[in-house]
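What follows is a set of notes on a single structure, which appears directly below.
Note that the chains take the letters A, B and C in the order they are written out, and that residue 1 is the start of every chain.
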Amino acid sequence: MKTSFGILTILAIVIAGCGGGGRQDEILIGEFGSLTGTTATFGQSTHNGVMLAVEETNGAGGVLGKNIKLLTEDDQSKPEEAATAVIKLITRDNVKAIIGEVASSRSLAAAPICQDNKVPMVSPGSTNPAVTQKGDYIFRVCYIDPFQGEVLAKFALNSLGLKRVAILKDVKNDYSVGLAQFFEETFRNLGGNIIATQAYSEGDSDFKAQLTALKAANPEAVFIPGYYTEAALIVKQARELNMTMPLLGGDGWDSSKLLEIGGEALNGTYFSTHYAADDTNAIVRNFATRFAAKYNGVPDAMAALGYDAALILFDAIKRAASTDGAAIRDALAATRNFIGVTGRISIDENRNALKSAVIMAIQDDKVQYKETIQP
Amino acid sequence: MSELLQQIINGISLGSIYALIALGYTMIYGILRFINFAHGDVFMVGAFIGYYLAPHVIPLFGGNLILAAPIVLIVSMAGCSLLGVTIEKLAYRPLRARPKLTVLITAIGVSLFLEFGGQLVFGPDPKLFPQLIPSGTVVNTSNLVINSNSIVVIVTAFALMMLLRFIVYNTKIGTAMRAVSYNHYAASLMGINIDTVITFTFILGSSLAAAAAILYATVYPSINPLMGIFPGLKAFVAAVLGGIGNLAGAALGGLIIGVTETFVVGYISPTFRDAIAFSILILILLFKPSGLLGRHESEKV
Amino acid sequence: MKLDKSIVFLISAFVISGLATTIENRLNPYYFQILIYIGIYIILASSLNIINGYAGQFSLGHAGFMAIGAYTSAVITSALHVSRGSVFSFPAFAIALLFGGIVASLFGLIVGIPSLRLKGDYLAITTLGFGEIIRVIVQNLDFLGAARGFTGIPKLTNSFWVFSTVALVIFVIYNLVNSTYGKAFLAVRDDEVAAEAVGISSTRVKVVAFVTGAFFAGIAGGLYAHFVTYINPMQFSFIKSFEIVVMVIIGGMGSLLGVILSATLLTILPEALRGVAQYRMVIYSLLLVIIMITRPQGLFVKRRSIKKNAAPQTELS
């Protein structure tokens, strides 16, 4: 009796769970991102940028006469969830293309699945070079870490005059490990010295042990190529240990939460990113105004990249005049001189974007634009 | 040399927090003979109580943290005591006569409930714990930097442990607790109300967990609903290391684990952080299962 | 069913699942995925049932064995450069899975040995500790992808592999339980001292339980890895161990059919409840507590006699 009860329960749930599908007058586009978890602002900001693009596009008549319908899945800042999210979007929801993700680890987990299923994937902000190497259906609208590492190394050497730098990297994610490696290579080639390296794991909250060890090596600066939650805590604890030297980071620092968590400890730090929110360029100001009108906040780099990624995708669909995966792929690969908020974007033969990077400095408790570095 | 000293201070600071949590585990085990898996999550709730309370309390004192901080601490401790007692009444008491396995599983269930319920209620994203204790550098030589946070943690933890010691060894209820931990039945025959003693134990343990949480959040200000999992497990290991049921042992165990963890992270590799406590556990259970200061219990047939 | 009948069951299961493989491409990939997961979790829960339910050893580190099986098999298929669709893939996958199971069972031995001396709570925490240590070790091995994970695993898992293994596990458990050897298991579970007193080697029973349970968990891990094509250590944390433990408890420890049903139910449930995903774990945990208080023998099991007011024991009963 109990077992038949069990079987009935299962059947009931299976029947209840059946469903799915889309309407004919819509184009289903999938999005996956970290709406929750340790890098929640990445996913949320990107989502906001993408949504703005969707609304503006639909408001102007849609793409190929149809409305864009965005289906979003949260990957909780976890790579295995990213894989699951993408599988759901492709097999259950039948999306035509996917936008995502910011974090390279999650993009790396999802890319093979998109590639296997021949669904174009456009990453707004993953900078690890391996992402687009997963296949010809995988694209990105941002620069890659070999470039970013070089940018930071040159900045450290030339603008800050640093010769002895230590690195504190996050071994739990590909982005951090990759960026640390590229920075080190360029820095060494240009005559600098990486005097010590320590590691932590995303999710850690105590870094005193590693910082103490680094401090003993007496660096002129510490490069922290991780994500904002840990980076802010690291900077805070470093200052508590009386480490007053400049601290450097990559675009993983770009989040409103950085200052919130790190506070005044962040003064005297620098990080590279994709665009400056206080840029006086007309396109940026225009975008910022529309973004503020909808969301009541300042768009960060991820929001801007999400916006650009979405618009490039929609533009590609228009140029392909079809929602067929291969056609969209070809149109994406042919993107040239697209004027985006984050710059003039051309997709190269490796499906990466050739763009400039900006360095931001934190002074007087504020993030300020410092300089632009061209590729 | 200075790096060594610095790491030791870091380790003692971390270890004091583990010690406070471990005391809760060891007391409950001493009385009830089971691992309260949910203890680490009571710790987490303590941090969140502090998080939500502080912004309201601090303005009441005009921003004076010296006055506001103890209030936040005490209210957190009270809140967690309430939580601990409620859990005991609802989930553990009905199972007192049942096999230990059942209670263990229930404790796991309560733990998961607090964790995921916490994610639902507080949101899963990490939150910044407000600064409760004015932070500043106390010692600042070229060799050694000691932040006031470390001092506050160590001093507060020590004070609370002394308070606990006083309660357990110098009060009537404390004596009752010790009696129950030796033998339930004899104690009840002597007229001790077991339920009262158990409730009081949970109050003590949960209060210490809350205090540990406030101290932890002061040093590591990023809090989230899953923050209690690892500190909880490590504190449990600390309790076992010191001899489960033994208060001094729990404190000792906590310090050992804190210092060892800091050393391994600083000198060997930070990625082994979580495995250290468990490795210590396995070693101790293989070689001296009664713990460093514990007494051996044999199974009565 | 006697032994010969259960062999018939096993062979027909092999045949049917093999046939199923030929039509699986027609099935909606999302539902197919759920079916595969059901199979994998049945194997995981049943293998844990051998340790927890039948031998009475409360193990909280089962995900560790799964991880070992997953990584071992992934390393083998990647070393052999196996790709989906090649003729070579069938024997290669068989070897990879088998090795995954064997290496996992070796670890089962390693974990099982300390378990000989520990009981109840201590055993639970120790096994939890082992599971975590395994995870941390994997997290530090660069050739396994460390914390960033192991990608590019060929998608070799299909209905044949999964459901043949399910049938195999059922076969093994059924024959174990109904043999005199199996009775020794139950004796050790119910009262170890008494079992020893009548000449049963509780050591051997426990070790066999761990080794067998770990073996199948390892195979399940291999099947999982070659389905999701990407694995990282965090997927095998104690949270995964807990999920499997919950399946065994809700199904009823020691109940073959009960555990199969609960594994199925608890795999489908999260997908069916995707709208209320964030409530899922909260409901699970509450359910667990309520079941423990009201119906500790599990949902799908007839009430066994539980001696409620038996003489109190100092250790786990």
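Here is the rule we use: contacts are C-beta pairs under 8 Å (C-beta built on N, C-alpha and C of every residue); 3 or more make two chains touch, one makes a residue touch a chain.
Computed from a predicted structure; not experimentally measured.
The touch graph of these protein chains is complete, with an edge between every pair of chains.
By C-beta contact pairs, the most connected chain pair is B-C. Chain A and chain C have centres, each the mean of its CA atoms, that are 37 Å apart. Spacing of chain B relative to chain C, judged by their CA centroids, is 33 angstrom. Residues of chain A in contact with two or more other chains: 171, 201.
Multi-chain contact residues of chain C, defined as those touching 2 or more other chains: 139, 146-147.
Of all residues in chain B, those that touch two or more other chains are 269, 271.
Listing the residues of chain B that touch chain C in their complex gives 33-35, 91, 94-95, 97-106, 108-113, 115-117, 119-120, 184, 233, 236-237, 240, 269, 271-272, 274-275, 277-279, 281-282, 285-286, 289, 297, 299-301. Interface residues of chain C, counted against chain A in their complex, comprise 28-30, 33, 139, 146-149, 151-152, 155, 228-232, 234-235, 257-258, 261-262, 264-265, 268-269, 271-272, 274, 299-302. Across the complex, chain C meets chain B through its residues 58, 114, 117-122, 124-126, 128-130, 132-133, 136-137, 139-140, 146-147, 193, 242, 245, 249, 278-279, 281-282, 284-289, 292-293, 296, 306, 308-309, 312-317. Those residues of chain A lying in contact with chain B across their complex are 36-38, 40, 76, 171, 198-201, 204-206, 208-210, 212-213, 215-216, 229, 233, 236, 240-242, 260-261. Those residues of chain B that touch chain A in the complex are listed here as 2-3, 6-7, 10, 14, 123-126, 128, 135, 137, 140, 145, 147, 149, 219-222, 227, 262-263, 265-267, 269-271, 273.
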